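Across the two complexes that follow, chain A remains constant while its partner is chain B and subsequently chain C.
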Partner chain A sequence: MKLELRNIMINDIVFGECSKIQNNQLMINPKDLESIVLEDEHIAEVKFDIAKPGESTRITPVKDVLEPRFKIDSESQVFPGVASKVKTVGEGKTNVLKGMALVTSGRIVGFQEGIIDMSGPGAEYTPFSKTINLVMSAYCHEGVKPHEHEKAVRLAGIKVAKFLGELSIDVEPNEIQVFETLPLLQGIQKYPDLPKVAYVQMLQSQGLLHDTYVYGVDAKTIVPTLLYPTELMDGAIISGNCVSACDKNTTYHHQNNCVVHDLYEKHGKEINFVGVVITNENVYLADKERSSDWTAKLVEYLGVDGVIISQEGFGNPDTDLIMNCKKIEEKGIDTVIITDEYAGRDGASQSLADADPKANAVVTGGNANEVIKLPPMDKVIGHLEYVDKIAGGFNGSLEENGWITVELQAIIGATNELGFNHLSAKEY
Partner chain B sequence: MKKLRVVHYINQFYAGIGGEEKADYPPEIREGLIGPGQALQAAFKEEAEIVATVICGDSYYNENMEESKSQILEMIRPYQPDIFVAGPAFNAGRYGVACGDITSHVQNELHIPGVTGMYVENPGVDLYKKEVYIIETKNSAADMRKAAPKMAKLVIKLGHHQEVGSPEEEHYIKRGLRKNYFADKRGSERAVDMLLAKLRKEKFDTEYPMPSFDRVSPSPAIKDLSQSKIAIVTSGGIVPKGNPDHIESSSASKYGTYDISQFDDLTDQDHETAHGGYDPVFANEDSDRVIPVDVLKEMEKEGMIGSLHPYFYTTTGNGTAVANAKAFATEIAIDLKNHGVDAVILTST
Partner chain C sequence: MKPKLITNNPEVITKTKYDGPVIEVKGNYIEVCLKVRDLLHLGYPLLTHPLSGSVKPNETPYKSVLVGNTIGKLDIEGIQVIEETINTIKKLGLACKTLDEKTNEDFKIIDADLISHVLKQF
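For the complex of A and B:
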């Protein structure tokens, strides 16, 4: 499977009379987007704002972040099974609006929606302080239940992202990147001397607002399976969860999965990257046993020498992470796991809820309990009053002078477990 | 910068008083430096001065810890030091324990920072490394020439309240504290590099060495439920409506103890969850789903259980540090024992 990503640099976003992309500028007529969002009967009102890197702007509570993409030469389309027909993606040509992101916000659904600061100390911890953000704040009617609220905003975000991507249909890209993965046996023949490596991606599926969708299917209900890495780039996996902001994978993270990109970087040179195994993080023990057994079985069947395993969330999924690691190591296959830590505000506690000596190669996204002070911002998109309530916040987080004291947990993507950031932790 | 005032602690052997036969020597303080203080003073150059030296026999200290500590603190106080140094103790076990213990008390009670030095296998290391900076030394006094400059450097930094670097930079034994930093490469690239090293059987450094876990063996089964007092403890975050003690939705710093003697059934009028790790709808509709008060009250009436303890204990398990959870559990267990509780139903979410 071969995919051409055609990056169109977006250097500016403005509101205007019509919606178009010209000279690397995205112009939006908010009315075009409103009509898409208000198609959903649960949503009463929607507003759009623009937030740029370096501005004194805070966005909260943030639900999801998406990158507008659109496929220009195939019958399949981005976000298959959700915003487009169910048709296998990952092949052909896909336009990408690079340098921008769609951020979805509004009132809080659960406890676990986060903060994006466009400048100041908080900005260093989130990748979305570096993108020009179009912020969609969607408000549901009174009486809409939390899970209906989550779903309505999730689908609205997906549809708006697709609409924005489609604006690029006739735009020439600034840069083209090509990614190719051959069918397994051909790939192995092509690089007989390179170590074979697979990527095991664990998807948040604890349920009750902790969900992920694969081609529209709730990941709770899948058994571990195989994907070509390029399928992720076309939105095969989308986020539907309100897990702690710091280590949930937004849809943007799935589209730009950095493990996939960094494995491709060494593919054909130092390793042979054969594909992706996706698995879930269900809460029942029988599901955990089945999924970790199957994951180990699939990587054994692929005949790989090593795997990278990435996690999403913390606590309960730590058990899935360790089960996957242990069972794969027991098959004689080398593993590296990517996780983050909850070592307490002082850093003195155990970082994970489960552990095993076989997990001897760990990459950490940092201690999510570490506390940060965020100065007041001139502009707030959204609602600051939830800061005391979100995961990582505490009573008194929001001070009268506008300062916010929170754990990194409250910042979108701060301790990402795909390894999206430079943040790490070490022992002092 | 001003010249720092240092008080140094050594044992009877390094003071030249004697070996094992003098190990019961009681504490005393002398003006100026003695013995290994010379090497430290040389390393301080003009930046610090050892103004007094405390001497105490190793057996005396270890056998009379409370008393020795109090006497020594009172001896140090009038010298008003900026910083305290003990040892180094190298591989001497009782000396190591004394150095670690007195340094931690000087820090906690006199609020004066301290430094000591030990060989990594000295029993004082595991006891005190979390509280005290322990410069890593070799296992004999022959290492003093190398240990002294390392100790001196950290003494001067701490004395001036400057930021202390990593264990590698400052040569102290790791204290078990996790601290964030920005690495040169992003995490996924570090993971690919680590996997390549592992595949090639090359050396690699895991970023988080796995801890060893506590395993708790369950108590023997209860013989007669109808004579037993049962209590409920939960990490599911159930609280009286309004969360009166503001238990955090995640990373809880406290737990609550609430009276349920007046309730036969919890409803959305009186209870809810504070937990931020799951969709609260079902728990808020009926908190009995997380703590089964309704069923236990019925069992109490039917005589199936002796009684239900009138209080339940609750916190949110979501992201809560193990150290906090342990501290809550210790207090809760004492309270349960004091109330004659025989068994506990622990519920999580």
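For the complex of A and C:
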């Protein structure tokens, strides 16, 4: 499967009379987007704002972040099974609006979370302070239940991202990247001397506000399966995960999965990257046994020498992570796990809720309990009163002078477990 | 025999309509876990992870856990999980925020939803 990513650099976003992309500027008529969002009967009102890097702007509470993309030459389309018909993606040509992000915001539950600061110390901890952000704040009618609310805002974000991507249909890209994965046997024959490596991606799948969708299917109902890495780039996986801002994977993270990109970088040189196994993180212990058994079975069947495993979330998923690691190692396959830590504010406590001596190669995304003070911003998009209630906030975290004291877990992507950030730890 | 549901969430029954045995704990998250630990030491197996959800023990007051209803060989792995959970709760601390009614209600809804996906299998 071969995918051409055609990156169109977006250097500016402005509101205007029409919606178009010209000279690397995205012009948006908010009315075009409002009509898409308000198609959903649950949503009463929607507002769009623009937030640029370096501005004194805080966005909170953030639900999801997406990168607008559009396939220009095939019957399949991005976000299959959700915003497009269910047709296999990952092949052909896909336009990408690079340098920008669609950020969705809106109150779903009372402890809604997630901060993006566009400047100041908090900006250093989130990758979305470096993108030009179009922020969609959606408000549902009174009485709409959290399940319906989450779904309405999730689907609105997907539809708007697809609309924005479609504006690029006749735009020439600034840069083209090509990614290719051959069918397994051909791929193994092509680089017979290189170690074969697979990537196991764990998906959050516990329930309301903790869900992920694969081709539109709720990940808690899947058994582990195989994907070509390029399918991720075309939006095969979308996020419905709204809790634990620091280590959830937004849809943007799935589209730009850095483990996949880094493995492609080394593919054919140091390693032979054969593909992706996706698995879930359910609450029921029998599901954990089944999924980790199947994950180990699939990577054994692929005949790989090594596996990278990335986690999503904390606590319950620590058990899935260790089960996956242990069972794969027991097959004689080396593993490296990517996680983050809840090691207490001083960093001195045990980092994970589960452990095993076989987990002897660990990459960390940082300590989510680390405390940070954020200065007031001139502009707030969203609702600051939720900061007291978000994960990592605590009573009194919003001070009278406007400063906020929070744990890193309140900041979107701060300790991301794909490694899509700068925090880590090194031991020699 | 349907599994035992151990919970301190008063709304879990109405929200999930579970008709199996329920042990209501009048206490906090850690007291739910201590009750689960007692049952595991009697030989009941642990069925769901007590650290379910990304809403941490120092945020949500509510937790529902499912334990098998047949006494058998000691569930050593389950006992390890519950001990690690109790250690994690002690590390993070218990929820001590003064919750407004809406937030309190939302925590109940999340806990009920997470366990509901397992309950409907029985």
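Basically, the second predicted complex is superposed on the first by the 421 of 428 C-alpha atoms of A that agree within 3 Å, B and C clash if a C-alpha of one lies under 4 Å from a C-alpha of the other, contacts with A are read in each partner's own complex, and residues count from 1 in each chain.
Everything that follows uses one rule, which is that a contact is a pair of C-beta atoms (placed from the backbone, for glycine too) under 8 Å apart; a residue touches a chain by one contact, two chains touch by 3 or more.
As the structure is a computational prediction, the values presented were derived from the model and not from experiment.
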- Query: If chain A is used to align the two complexes, do chain B and chain C fit next to each other or clash?
  - Reply: clash
- Should A:S129 be classified as contacting the first partner (chain B), the second (chain C), both, or neither? neither
- Task: Considering only the touch criterion stated at the top, classify A:Y342 as touching first (chain B), second (chain C), both, or neither.
- Result: both
- Would you sort A:L209 into first (chain B), second (chain C), both or neither based on which partner it touches? both
- Pick one for A:Q350: touches chain B only (first), chain C only (second), both, or neither. both
- Item | chain A residues touched - chain C or chain B, whichever exceeds | B
- Task: Scan A:P146 for contacts with chain B and chain C and give back first, second, both or neither.
- Result: both
- Between chain B (first) and chain C (second), which does A:S244 come into contact with in this model arrangement: first, second, both, or neither? both
- Message: Between chain B and chain C, whom does A:G315 touch in the aligned arrangement: first, second, both, or neither?
- Response: both
- Note on the structure: Both partners, chain B and chain C, contact chain A at residues 110-111, 146-147, 206-210, 244, 314-315, 342, 344, 349-350, 354, 369, 389, 391, 394-395
- Interface with chain C, chain A side, in the complex: residues 109-111, 146-147, 204, 206-210, 220, 241, 243-244, 248, 282-286, 288, 313-316, 318-319, 342, 344, 349-350, 353-354, 369, 388-389, 391, 394-395
- Message: With touch defined as at the start, can you tell me which chain C residues reach chain A in the complex?
- Response: 46-49, 51-56, 59, 66, 78, 81, 84-85, 87-88, 91-92, 96-100, 102-107, 109-110, 113-118, 121
- The answer for chain B against chain A in the complex is residues 130, 166-167, 174-192, 194-196, 198-199, 204, 206-213, 246, 248-251, 253, 275-282, 317-319, 321-324
- Message: With touch defined as at the start, can you tell me which chain A residues reach chain B in the complex?
- Response: 110-112, 124, 145-147, 195, 197, 206-210, 244, 258-259, 261-263, 265-266, 270-271, 305-308, 314-315, 334-336, 338-339, 341-352, 354-357, 359-370, 389-395, 407-409, 416-428
